[in-house]
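Each of the two complexes below includes chain A, the first together with chain B, the second together with chain C.
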Partner chain A sequence: MTVLILTSAEDVTADMVVDRLAAMDVQVLRVDPAGFPQQVTLTARYASGTLTGRVTAGHRTADLREIRSIWVRRPGAPGSGGQVQPGWVAVESDHAWYGTLRALPGVRWMNHPEATAACRYKMRQLVLAESAGFTVPATVFTTVPADARGFADDHGPLVCKSVSGRAPNDPPLALPTTPVPGDADFAPVAAAPTCLQTRIDKQADVRVTVVGSDIFCARTDDAATDRAGHREVDWRYADPRSVRWRATHVPSHIRPKIDAFMNATGLAYGAFDFAVAEDGTWYFLECNTSGQFGFIELATGLPVSQSIADWLAAG
Partner chain B sequence: MQPFALTYARPPIPEPETPYAYDPERQLNVLADGSVAVRDRAVLLACGATTSTAGSKTHFDD
Partner chain C sequence: MTVLILTSAEDVTADMVVDRLAAMDVQVLRVDPAGFPQQVTLTARYASGTLTGRVTAGHRTADLREIRSIWVRRPGAPGSGGQVQPGWVAVESDHAWYGTLRALPGVRWMNHPEATAACRYKMRQLVLAESAGFTVPATVFTTVPADARGFADDHGPLVCKSVSGRAPNDPPLALPTTPVPGDADFAPVAAAPTCLQTRIDKQADVRVTVVGSDIFCARTDDAATDRAGHREVDWRYADPRSVRWRATHVPSHIRPKIDAFMNATGLAYGAFDFAVAEDGTWYFLECNTSGQFGFIELATGLPVSQSIADWLAAG
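Coming up: the complex of A and B.
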């Protein structure tokens, strides 16, 4: 069997799993689809009802029939290096690459592209989360200033976050979840869709990492701060020294909701973020389908990478 | 008019400088002495390459 890992070379978090798979004597082919077709090659032949072929990167080759599991970690887009008609080459490459991999029978994915797509959009994710039983902060997307003001009056105080989770890149900027002042001028929401959400007065942040049926829970009760000591709502952008994660258990009433969400989406892996309110309520914030786990494992010792390796090897 | 959300934008967090490089033969990042980078916890903690925002320039999933 071969485990096919799709990620970039610099993804050292993936190394944590690759190293464990090597120790388990599991055959691995690690490729970045961004290198297809320049550095990575593919032949897929469908004839007489049988799909055969191979993926090759350098001197390593995986027979398509030997691929038993695929880990979609942090891959680049196939066909990124096209020089002539680059847009068309990218589309052709995407269809050749993912079309072939999706056609392989009996392969388990972490995560399947369809499952990832189901979770891609924030509003849909929130609706799925509420359906799974989670408590979700009131949220609005709007381009209408008066509606933003009305939402603030009804559901404030608020935070502002990216609708897509992406940060601007021209020029590159960071966009942490940030408190919105009560007297904010909402006129600029007309310039781009804006996501506003009720701010949770939280006692803790929780990251729950789900790998198949394994659940790893880490919690920080620290008040995250920036390097100047100012309170930071978004722990991702805080001074790491101010955020100390510790391993803990998932409350019994949360576990079935996580299972329901994973089942509804078809995800095999998810990194959930929760805010725990002062009254103890767990508010679902998001589920990252390729969320980082290395920092949790390093801080808490929770064996996430081994769990991923075991899941992939069981394909 | 600047979009509302950009009121709260900040300079990006620089991608961490890493003391290792990818070795395609081993399919792993290795340190200058050839050892596997992820086996060195201190290196990983120091460079912050496994944090939630690492790689966020190219991947939006934290």
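Coming up: the complex of A and C.
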């Protein structure tokens, strides 16, 4: 069997899993689809109901029938290195690449593109989360300044966050979650949809990393501070020295909700962010289908990369 | 109830359905998401497990709770009209727009974005089609010249077609299905993935348009010719005067296969292309999830637009 790992060459977090798989003697083909078709080749032949062929990257080859698991980490877009008719090559390459992989029978995906797509949209996620039993903060998406003001009056104080939930630096203009002053001028929301959410006064941030049926829970109770010394709403932007993660157990009332969410979405991997309010309520903030786990493993020793390797090797 | 129609202003085929819905006195909001957030506004508020808000386009407004059906025809990309930070506005707008619509409870979609996505990739489609019982031509995607030659030796004579199955003029450089000479030089397949398929010697082309449980079948037995007077492989590029469609019945052995394919994919609408071989075998070529139907209705009188209007109105 071969584990196919789709990610960029710079992805050092993937190296943690590749090392575990190597130690387990599992064959791995690590590929960045951005190199297709220049550095990566593909042949997929469908005849008489059977799909055969192979993927080649440099000197390494995987027979399509040997691929039992696919880990979609942080891949580049297929065909993105083309010089001639780049738009056309990108569309054709995306279809050839993912069309082939999605046609492979009996492969386990972390995560399947359809599960990722279904989970990609924050408003849908919040509805799914509430259906799974989680408490979610009141949230609005709007391009209408008067509606933003009305929401602030009903549900303030607020924070403002990116609608798409993009990670910082991807693109670099992504916003950290930011407190909204009570007298904010909402006129600019007409320029682009804006996500406003009730601000949770929190005692802790929790990151729950789910790998198949394994759950890894890390918590930081520190009052992370920004550069001006104010309490930071968004730990991703805080001084890293002020955010200390420690391993902890998932409360018994949270575990079945996580299971319900994972089942409803079909995800094999998810990184959940919760805000624990002063009264102890866990607020679901988001589930990131390709959230980082390296910093949690390094800080807490929780064996996330081994769990991912085990899951992929069980394909 | 309101039917939400997502399509461009130029889409005259959508007008056929809008007219039917108007005659049925059904409220319609027709919107091109490309105009969001400049000409189209949105507020979606989620609190205490309830999603409320509205979409406004010009002077027309739809309450989110009134939207019972969504027809995804040929919409522009949300946020594509932005001048300031256009990449960022496009991502945020896509998430706000489709995140909201996908979060609406109990809405029927033609087609749901997840069904469209699952059906988008040709190789996956062929596997699904064969599982549904259809006969499909031997097909290869490859970027390896020697593999293209090997496939030609085993399965020629061949045609070459676009991997992505894009319609002509979208983009304009899309390829018609083209016969491949027996002595073809396959070196250029290294530049972009290429789809090669066994050429079917056909007596007829068939277009089956499926709307919910309604099936409309049209057939052309004409030997469509290209401008040089040669028999045309791809009727989309033939002189339209040489392609005469007539309504016909779906053979009894094909109908259950169509039902199986629609059930497996979750599609509400599909436009199937079949090649009928000289020996009478129906070869599945593709199912286009947003295939045109106006030309079929105009040529044959088959009531496709009324069927779509009925399906949407039943939401």
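Simple rule for what comes next: the second predicted complex is superposed on the first by the 305 of 315 C-alpha atoms of A that agree within 3 Å, B and C clash if a C-alpha of one lies under 4 Å from a C-alpha of the other, contacts with A are read in each partner's own complex, and residues count from 1 in each chain.
As a working rule, a residue touches a chain if its C-beta (ideal position, glycine included) is under 8 Å from a C-beta of that chain, and two chains touch if they have at least 3 such contacts.
Everything numeric here is computed off the predicted structure, so don't read it as measured data.
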Query: Given the touch rule stated above, what does A:Leu51 touch, chain B (first), chain C (second), both, or neither?
result: second
- request: Give one of first, second, both or neither to describe whether A:Glu10 is in contact with chain B, with chain C, with both, or with none.
  value: first
- request: Please work out whether A:Ser164 is in contact with chain B alone, chain C alone, both, or neither, and reply first, second, both or neither.
  value: both
Message: After the superposition on A, what does A:Ala192 contact: first (chain B), second (chain C), both or neither?
response: both
Query: Does chain B (first) or chain C (second) touch A:Arg108, or do both, or does neither?
result: neither
Task: Scan A:Glu92 for contacts with chain B and chain C and give back first, second, both or neither.
output: second
Query: After superposition on the shared chain, which partner residues are touched by A:Arg65: those of chain B (first), chain C (second), both, or neither?
result: neither
- request: Considering only the touch criterion stated at the top, classify A:Arg255 as touching first (chain B), second (chain C), both, or neither.
  value: neither
- prompt: Counting only touches as set out at the top, which of chain B and chain C does A:Gln292 meet: first, second, both, neither?
  reply: first
- prompt: Common interface residues of chain A with chain B and chain C?
  reply: 162-166, 173-174, 190-192, 195
Statement: So, in the complex, the side of chain C touching chain A is made of residues 36-37, 41-49, 51, 53, 56, 79, 82, 84-85, 87-89, 91-100, 102-103, 105, 113-114, 117-118, 120-124, 126-127, 130, 136, 138-144, 147, 151, 154-155, 162-166, 171, 173, 190-193, 195
Task: State the interface residues of chain A toward chain B in the complex, per the touch definition above.
output: 5, 8-13, 15-16, 18-19, 22, 28-30, 57-58, 60, 74, 76, 148, 160-169, 172-176, 178, 186-192, 194-195, 236-237, 240, 271, 288-295, 297-298
- line: The chain B residues in contact with chain A across the complex are 1-13, 18, 20, 22, 24-29, 36-39, 41, 44-45, 48-62
